[in-house]
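The first chain written gets the first letter, and so on, giving A, B, C and D; residue counts start at 1 in each chain.
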Amino acid sequence: MTIKVAIAGARGRMGTTARKAIEEAMDAEVVAALDYKHKGKFINGSLITNGQEGIPIYTSLAELANEVKPDVLLDVTDPDAVFSNVKEAIKLGIHPVVGTSGLTEEELHAISELVEETGMGAIIAPNFSIGAVLMMKFAAQAARYLGDIEIIEMHHDRKLDAPSGTAVKTANMIKSVRPAHIQGHPEEQEHLTGARGGDVEGMKIHSVRLPGLLAHQQVLLGGEGELLTIRHDSFDRNSFMPGIIMAIRHVVGRSDLIYGLEEIID
Amino acid sequence: MTIKVAIAGARGRMGTTARKAIEEAMDAEVVAALDYKHKGKFINGSLITNGQEGIPIYTSLAELANEVKPDVLLDVTDPDAVFSNVKEAIKLGIHPVVGTSGLTEEELHAISELVEETGMGAIIAPNFSIGAVLMMKFAAQAARYLGDIEIIEMHHDRKLDAPSGTAVKTANMIKSVRPAHIQGHPEEQEHLTGARGGDVEGMKIHSVRLPGLLAHQQVLLGGEGELLTIRHDSFDRNSFMPGIIMAIRHVVGRSDLIYGLEEIID
Amino acid sequence: MTIKVAIAGARGRMGTTARKAIEEAMDAEVVAALDYKHKGKFINGSLITNGQEGIPIYTSLAELANEVKPDVLLDVTDPDAVFSNVKEAIKLGIHPVVGTSGLTEEELHAISELVEETGMGAIIAPNFSIGAVLMMKFAAQAARYLGDIEIIEMHHDRKLDAPSGTAVKTANMIKSVRPAHIQGHPEEQEHLTGARGGDVEGMKIHSVRLPGLLAHQQVLLGGEGELLTIRHDSFDRNSFMPGIIMAIRHVVGRSDLIYGLEEIID
Amino acid sequence: MTIKVAIAGARGRMGTTARKAIEEAMDAEVVAALDYKHKGKFINGSLITNGQEGIPIYTSLAELANEVKPDVLLDVTDPDAVFSNVKEAIKLGIHPVVGTSGLTEEELHAISELVEETGMGAIIAPNFSIGAVLMMKFAAQAARYLGDIEIIEMHHDRKLDAPSGTAVKTANMIKSVRPAHIQGHPEEQEHLTGARGGDVEGMKIHSVRLPGLLAHQQVLLGGEGELLTIRHDSFDRNSFMPGIIMAIRHVVGRSDLIYGLEEIID
């Protein structure tokens, strides 16, 4: 069986990379694009054409569902439209696969209920990089044995927010297994404000921003006489493709809501 | 209950560190030392005394067992005497905890049979560093998703052997989950012999030896657009103590042979 | 004064990046492109046009020199044409700036003589990354104090050659200040062929090749109780632009042959 | 000529290591110990004896100078007595070699004047590790080309102060060549206080404290598309010995005040 995939955000850089990756997979194909414009046109490589070559563009998910009957909706748009897209997809019998960390607790709860009612499994993953997800999983596993932890995340200097979403997610995953405790010398003195980093229940997070950097994170776990370091370097958006393909294959057999790629990686 | 521990090799550097660590544990105590000399004397800190202070030294394990009835024999001697010590301990009803990679397949098989007959659980661990064991476990877990792997191990320049035992162990653990395949460009050319490292089913191992270094290893796992690095730095022998204590606590409730600390870490 | 630059290889990826960087520099402009085809056309952004917008294309350097009188010829072509381009440029009174490691000793000697006769300074640099050049310089400086050295270079797995040109260049720069000597334990045993890396007068070079990697190198210098590591990560070809601009500005004031960016960085 | 060295602090751990290192040097020997107690006794290895074997202990520098006429006073005591020891040594015609960062501006000025009057050269070095000094020098050299810089220093969790003295020294050396400027995105938002580290004229310093760590620092210098990292790992106090020996050899030929080992390393 070939899995039929519709993509929201197919014209963007991530969508273009994803189209290519899905076409290269043996068992999946892109059957339609959901967009807010270009209704009735086609995406052919990097062009939008009037001809019949390429992937048909729809501006209505209902119409798209009716005509091409996709198994999966991959949403790689900005997070604004994600919530309504996901709900509509589930109601239309399409499995959503979404890469965003922008949904609120309430929205996630609503999606979860809808999945439960309908039995249409969905995957929502803040990070589709398998390497990054493994880093977070391993850090949380190791924290049970090596509980003194600092996170150093390093990004290009065009990044607005500090710390990164991945660093916060990592700290949260560790928190769930590590009892809160103060690290460092109890009488430690910080002579330069901020030098000791941001504090999360005693864990420290340091955010480095430099031109040249891409997206990197290391988790340092210290024990008596030893240090364990788990580091992930993300060099380009191709790194998300194996996780996206894995999620597409996985979601069609699921009837529940999966939050985070770590749930389907063991 | 306090676990009663006898130590073979108690006078050595590892034995001295282990004595201290066991005494600091709430639930264990050192009750005797097994040695090849100093029969009837006592170990008191770093001294051997004739007085009654400290830990009594025995040169016979049978006599030691009879008089102090230990639950566990921790063997931190050179590997020569390990095999016979382990067998005798099991027969005497003492759980052996041994840190060595020096036992042959035949010896391990004989111990395994003896454990099965008697139901006296034993732990044999080539490496008691929890951090190192986690590194190996994580590398093998990640290898299922990121199958192109190189290992760089780095040690002081007094080390005789390359690659290190830990690097070989890591490669073997990865081999059991990673299908053998050639890495790198198929037409790769090595213009300087050895530059591409040692080969284990396509994986590469590089051994660095420099003055100043202690014991370090990193496992690099590459995927499209990303790199996952798992690194362990071992700075001193204190790093073995948490693993030794864990093994002592664990072995008293076991009736089977455990090989490798990874079996009791999850 | 604005430096007038002609570019050989202007249509390629490096040439396109270089055009942009030169136009952004306050004191330089691109006045012409030297190509093997498209004579009489113009380069306008990523297009080749017949109109008069953009940079005029010449297929003859003599004609180009005659009509636009550039100060500098930046050659970012494949190395095949470099030698003749450089010689012709010098004879025509144009300063060559060339990024290649592909010239032979004989060719370099011939260029050197031509520079001496004419007084037209030229710069030939195997690597225009300032960071990489600093890494090599620092490694050679430090080698006088910390003489036990290993080089680990890491590249994507599409790279054909090992070790990299930068690693070999680094080793050569270190060789000129470090007395040859055997490193590691004198009785060291390599149980897996290649594990100890490639040997250059006792220094070791290790080449890592993994998908995901870009271009990275670290030089490890060990001393009693300490380690100095100098690492360079090259993430994209933009990293060459500051060095190219520096060379263009520098060469117009020179009357000698400069080989390697390290000669104009202190 | 053999350089005659007196040591203040000879009984301590650093003093013991230094005694051994000086005795192993071909051209220096330890002739006396300056102490606040044990007058008239001798240091023999790790023992204090009444016999005539070993190094004679004096409690007065004047008496010591009169009887054994040392060329150099190596002071490895706590910083309290350093200032008066240095002044007295200079007046007595002994070259001081001191490893401390604890002298005030006023004290350094007073020493400088005394050196100028007498022509007795002195060396005061906050850090005798050659690797650490090279790291700082290289960072300052590179900062002229790659001006966006963050420092990550990492130490064991028994360290009281953050940032480390070496990190502050590094930042100060860089400041002298790098124009102050804000780094990162101008509208950067720190959602977790301290995550972006401590600020020194736009440079960021991050202090990591974990059990297991020893003393480590990396300086990250970012440029367009590239990153240069200079890292120093200090594993034990042996790393100070080559710098101490270098200073002892150097000071006997000097008539000025040298502050920092970087002044005699090029």
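By our rule, contacts are C-beta pairs under 8 Å (C-beta built on N, C-alpha and C of every residue); 3 or more make two chains touch, one makes a residue touch a chain.
This is a predicted model, so every value here is computed, not measured.
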| item | value |
| --- | --- |
| Centroid-based (C-alpha) most distant chain relative to subunit C | B |
| A-D or A-B, whichever has more C-beta pairs in contact | A-D |
| CA centroid of subunit A to CA centroid of subunit D, Å | 48 |
| CA centroid of subunit A to CA centroid of subunit B, Å | 38 |
| Residue list for subunit B, restricted to those that touch at least two other chains | 212-213, 221, 223-227, 233, 235, 239 |
| Contacting residues of subunit C [partner subunit D, same complex] | 129-132, 134-135, 138, 141-142, 145-146, 221, 223-242, 265-266 |
| In the complex, subunit B residues that touch subunit D | 212-214, 233, 235, 239 |
| Touching residues on subunit A, where the partner in the complex is subunit D | 148-150, 152, 154, 157-163, 168, 183-185, 187-200, 204-213, 220-227 |
